[in-house]
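Chain naming follows the written order as A, B, C and D, and within any one chain the residues start at number 1.
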Amino acid sequence: MQTFFIGFFGLAAIVFAVAVFRTSSMMRSALALLFSQTALGALFLALQAEFLGVLQIMMMATEMSIMAIFMVMFMMDPGGLGGMDMSHQKRLSMIAGLGAVMLVSAIAAYTRWQELASLSQAAAADEQIRHLGRELLGRSMLVFETAGITILTAMIATTAVAVKVPAENASHES
Amino acid sequence: MNPDLLLALITGAALFGIGLYGVLSQTNLVMLMMGIELILAGALVNLVAFWRFLHADSYAGQMFVLIVMTVMALEMAVGFAVALARFRARGSVEMEEAQELKG
Amino acid sequence: MIHVARQGRWQGMGRLLLRATARDLRALVVPGPDVAAASGLELAAAGLRLAATPRHANLLLLVGELPGTLGDAALVLYAQMMRPRVCLLLGSAAPAALPISARAELSQTGLLEGVERLRECLSTQAYQKRVDTFSAPILSPSDSSQEENSDAAGDSGHHQMEHGDEGDGGMSFMSMVKVTKDLPRSPDGLPMDRIEVPFGPVFPGLPGGLSLTFTLDGDSVAQVKSETLRTTCLRTPQAGFLPDALLQAVCALDPLTPVSYRLLALRALTALGAPAQTPGAHGDVALLERERTVSHLGWLALLGRQIGFAWLQRRALRLQLACLRSEMADFPTLGKTLRRFDKQVRRNPLLRARLSGLGVIAPQAGLRGPVARACGLSTDARTGDPAYLDLAFEPRRGEGSDALQRLYLRLDELHQSVALVAAVLSRQRPVEHVSPAGRQPELSDGEAMASVETPRGEARLQLMSSGGRITAVEIDTPSRALLGQLPSLLRQQELGDALTCVCSLDLSPWDSAT
Amino acid sequence: MSVLIIVLGLLAGAYAVALLEDRLTRGSFAPAAPLLAAAALLARESIVTRKPDRLLFETAPVLLLIAALLAAAVLPLSPTLIVADLATGGLFINAALAYVLVALLMAGWGPDGAYAMVGGWRFLGQVIAYSMLIVMPITAVAIRAESLLTTAIVGSQEGWWNMFYQPLGFLLFFIASLAVCFLPPFDRPSAEGELAAGVEAEYTGARLAILRLGRMVLVVSLAAATSVFFLGGWLGPWLPPWVWSALKVLAVAALMLLAGYYLPRVREEHLLAWCWKLGIPLALLNIFIVGVMVLAGL
């Protein structure tokens, strides 16, 4: 059963991911990425990582909606009616992409995972959340805090880059 | 050999490949970022799968996933800020028109 | 009737749906619900609900006379409505191409009667085996104005952004720099595609008939174009107007404030030597002030609809109808209700936040009416009127120049008007309009000028007569000057704020008609 | 079984919401009006605009309805009457609500109309701001319950309902839920006086019926969420639990509609400024206060 769901959602994620670069409508492209990520969230649920799955589903919906508006802003033909080709070095990319898939899959297939495998049963979902909380605010506190600081830094940097320099300042500098 | 693990890893590999294709082939910065998102998504799948099948008792694995999600969000925010600044300055976020960035 | 129906035959359950369609009438009013209310129609009493767009409506309600441009708009709107659909005409004329399902006189009883007939029509003929498509000359594809005129124009979305850049030779990729080079820059420095969106002539948040076209940059307004109604009622015929014909023409000019314009015409004619037909100086005051109350309440209802304030919309509409229908002698008794209403409006904190700082107009010459008085000017034609001076009239003035001050000023004027009417009543029993004399009055040759302070500001009428006929008519109305200020007032405003600004000016598309 | 009961309950709630909305906008009370309106919509033509993105246009109303239903899936009407008592219930409801945003963006983009498009993008800004005010009060609620299970959250309110325990959180959550289901005064995406019904403008007939139903169900879902998180869900004396739940949900829904009736639409600048500059700091303060209170054992 679990195998079926993993396969199903994995396939859905891949199909939507392919759709991202196949459609020329920006809105569809962003939504395809969104549903690809949603399928991944469902895949996490199938892998019994309930918290991560739900979090993924929630975060990606907002994130990809923001993506959508930027795509529409920055593309020449967001409706995708011009039939414009927006890609280059297709051959190389295709080869690189396929090569990467082969290589990574081969590594995955030939590694002897048995030697590493430990538990086969994950804890119940509410147990997991409790453990994750203790992990975050205990042993991995530093990492967690670093992530927070990084977010703060990124917020400030992003705002600084994105806002327009007022006209008088600009002339002052030049 | 656990077939579920392999299945999840192949999914991750496929997403990585598609993302790589996108990053290399797209000319628009925003589309390029979609590729990066997919590559990171591939990494996410692997992390969750490793946690589930190899270290189901160690929650550092789950924490890693959270960090990657943070990175995805940050990557997007910073990427869009750069795109915005560039669009304002040059009127374009096309890669082909960013030749001057070549060293 | 063939355009009414939707294709199909309905049995069993379908019959039930048929009955439902007949009961659930969603009206799109042309020119607008404000005109309907000013004509004394209570749509809710007839079981009608207002639809925001033609797509959601199944009843096109035509109220009064439609000038040419509005007639065309009505055709476009009708074409956009979903079948089964019906069209009710209250009043006289409508575009010939429009399939009228029922017509009735312009009154509440007429409305009720008409709606009853429509229900019958819908429940029997809503579905036919064969339906023809509705077409009119204005709808033919060659006419590019079709979408611009319509209320819910569809084509200004993402598909407008197809840039054809053929001259690039064999280049396989398109230069984005080239595409964006010529685009106008927004204040934030981004060259973005702009879209042109029509608002009106039939738009829920604007006075019916007012037609604006915004060029939107994102959701802020980059440019405004306004298009006025085109009426022919003041075009002087070859032989000149007879006095009665002129009176009718001026009255028909503005369905929102018919009394003021009638008074204006009568005064001008009296100045030319026609016998006085007004109920005497103080009677004029009573009529004018009642109409001011009605008009200001109508404006409040429209404002309520524009800013999505359902309570204000409903309450103001109810009060407006009450004022309109009240006998003159009972009118001052509404004062108490109005004061309570006023207090409730002023107490609303979110309303204050919504309106303050919006649509600031600096005091300047040329402003008239409440807009001028709100920013501290005492421009008021009433100050020159002996009847008003006799009643110790003093114009109200505001101390700001934003939309909130205009709201406060109009609320103040409501009470002032009621007090004026009460003062008149304490002196004399006013008569309603004197019925016109049977034969055409004699006019002396020459030029005459009259002015009236309408609810929107001073209107002036200039007449030239020779040989008992009026040969030249010149009318100067308050809304026209304001309409010219719109582009500078709305630039770079957020869309909703821009519409609120327009609404706060209380423009009448009728008196600015050309 | 409980799925069926919950869906029926949601539909009944949607009917009540429609009835109340009709009562407020028209002033007369007509019990059959919502049903008639729905039937008339079904009987009317449903057309597709001229150059739509057909896929998005068709999917959007259905997605809205599904998102609203999913949000209700983790909300208990009584200790046993719940579709899925997820361990991440408090988080799951946010995930479901995020898809309301996606649905509205699709509805805005799909029909290729200017009004709809502006409405859709307006909702993006609105939800990104106000979904914070959904998440953060829920966090404070979960801190008190020491669990994300919705049933545990209700259980934690045996003594004091959260409405009294953390009134600040309740207020913020209530406002944010108005914004998320775009009811007045936050009805900017579907504003009648500004965008001629915005995202709904190009929908007709049966599609419009689904869109409206989805919106009503969303209102009921959020009212139910408010009741579960802040009004103690099924808790209450004398009456059976499900009756208490129903009463509270209806009361909250009525309050939501009444608030919109007496307030004008919020301006864009205020909408964003109030949320980011005032609402979010207050929500953080709320989390802090609740944390201290929990530690103090109150």
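The working rule: contacts are C-beta pairs under 8 Å (C-beta built on N, C-alpha and C of every residue); 3 or more make two chains touch, one makes a residue touch a chain.
If you're wondering where the values come from, they're calculated on a predicted model, not measured in any experiment.
C-beta contact counts were set side by side for C-D and A-D; C-D has more.
On a Cα centroid basis, the chain most remote from subunit D in this structure is C. Mean C-alpha position of subunit B lies 33 Å from that of subunit D.
Subunit C and subunit D have centres, each the mean of its CA atoms, that are 36 Å apart. Computed centre separation for the pair subunit A/subunit D is 27 angstrom, with centres defined by C-alpha atoms.
Here the CA centre of subunit A is 52 Å from the CA centre of subunit C. In subunit A, the residues that reach two or more other chains under the touch definition are 27, 51, 55, 66, 73, 79, 81, 86, 88, 128, 164. Taken residue by residue, subunit B touches two or more other chains at 27, 84, 87-88, 93, 96, whereas all remaining positions touch fewer. Among the residues of subunit D, those touching two or more other chains are numbered 51, 109, 112, 121.
Residue ranges of subunit A in contact with subunit B, taken from their complex: 2-3, 6-7, 10-11, 13-14, 17-18, 20-21, 29-30, 33, 36-37, 40, 43-44, 47-49, 51-52, 55-56, 59, 63, 66-67, 70-71, 73-75, 86-90, 92-94, 96-98, 100-101, 104-105, 108-109, 113-114, 116-123, 128, 131-132, 134-136, 139-140, 143-144, 147, 150-151, 154-155, 157-159, 161-162, 164. Taken in their complex, subunit D has these residues touching subunit A: 51, 53, 55-56, 86-88, 91-92, 94-95, 98-99, 101-102, 105-106, 109, 112, 121, 124, 127-128, 131, 147-149.
Subunit B makes touch with subunit C in their complex at residues 27, 84, 87-88, 90-94, 96-97. Residues 173, 175-177, 179-181, 183, 188-191 of subunit C touch subunit B in their complex. Interface residues of subunit B facing subunit A in the complex, by the touch rule stated above, are 1-31, 33-35, 37-38, 41, 44-45, 48-49, 51-57, 59-60, 62-63, 65-67, 69-70, 72-74, 76-78, 80-85, 87-88, 93, 95-96.
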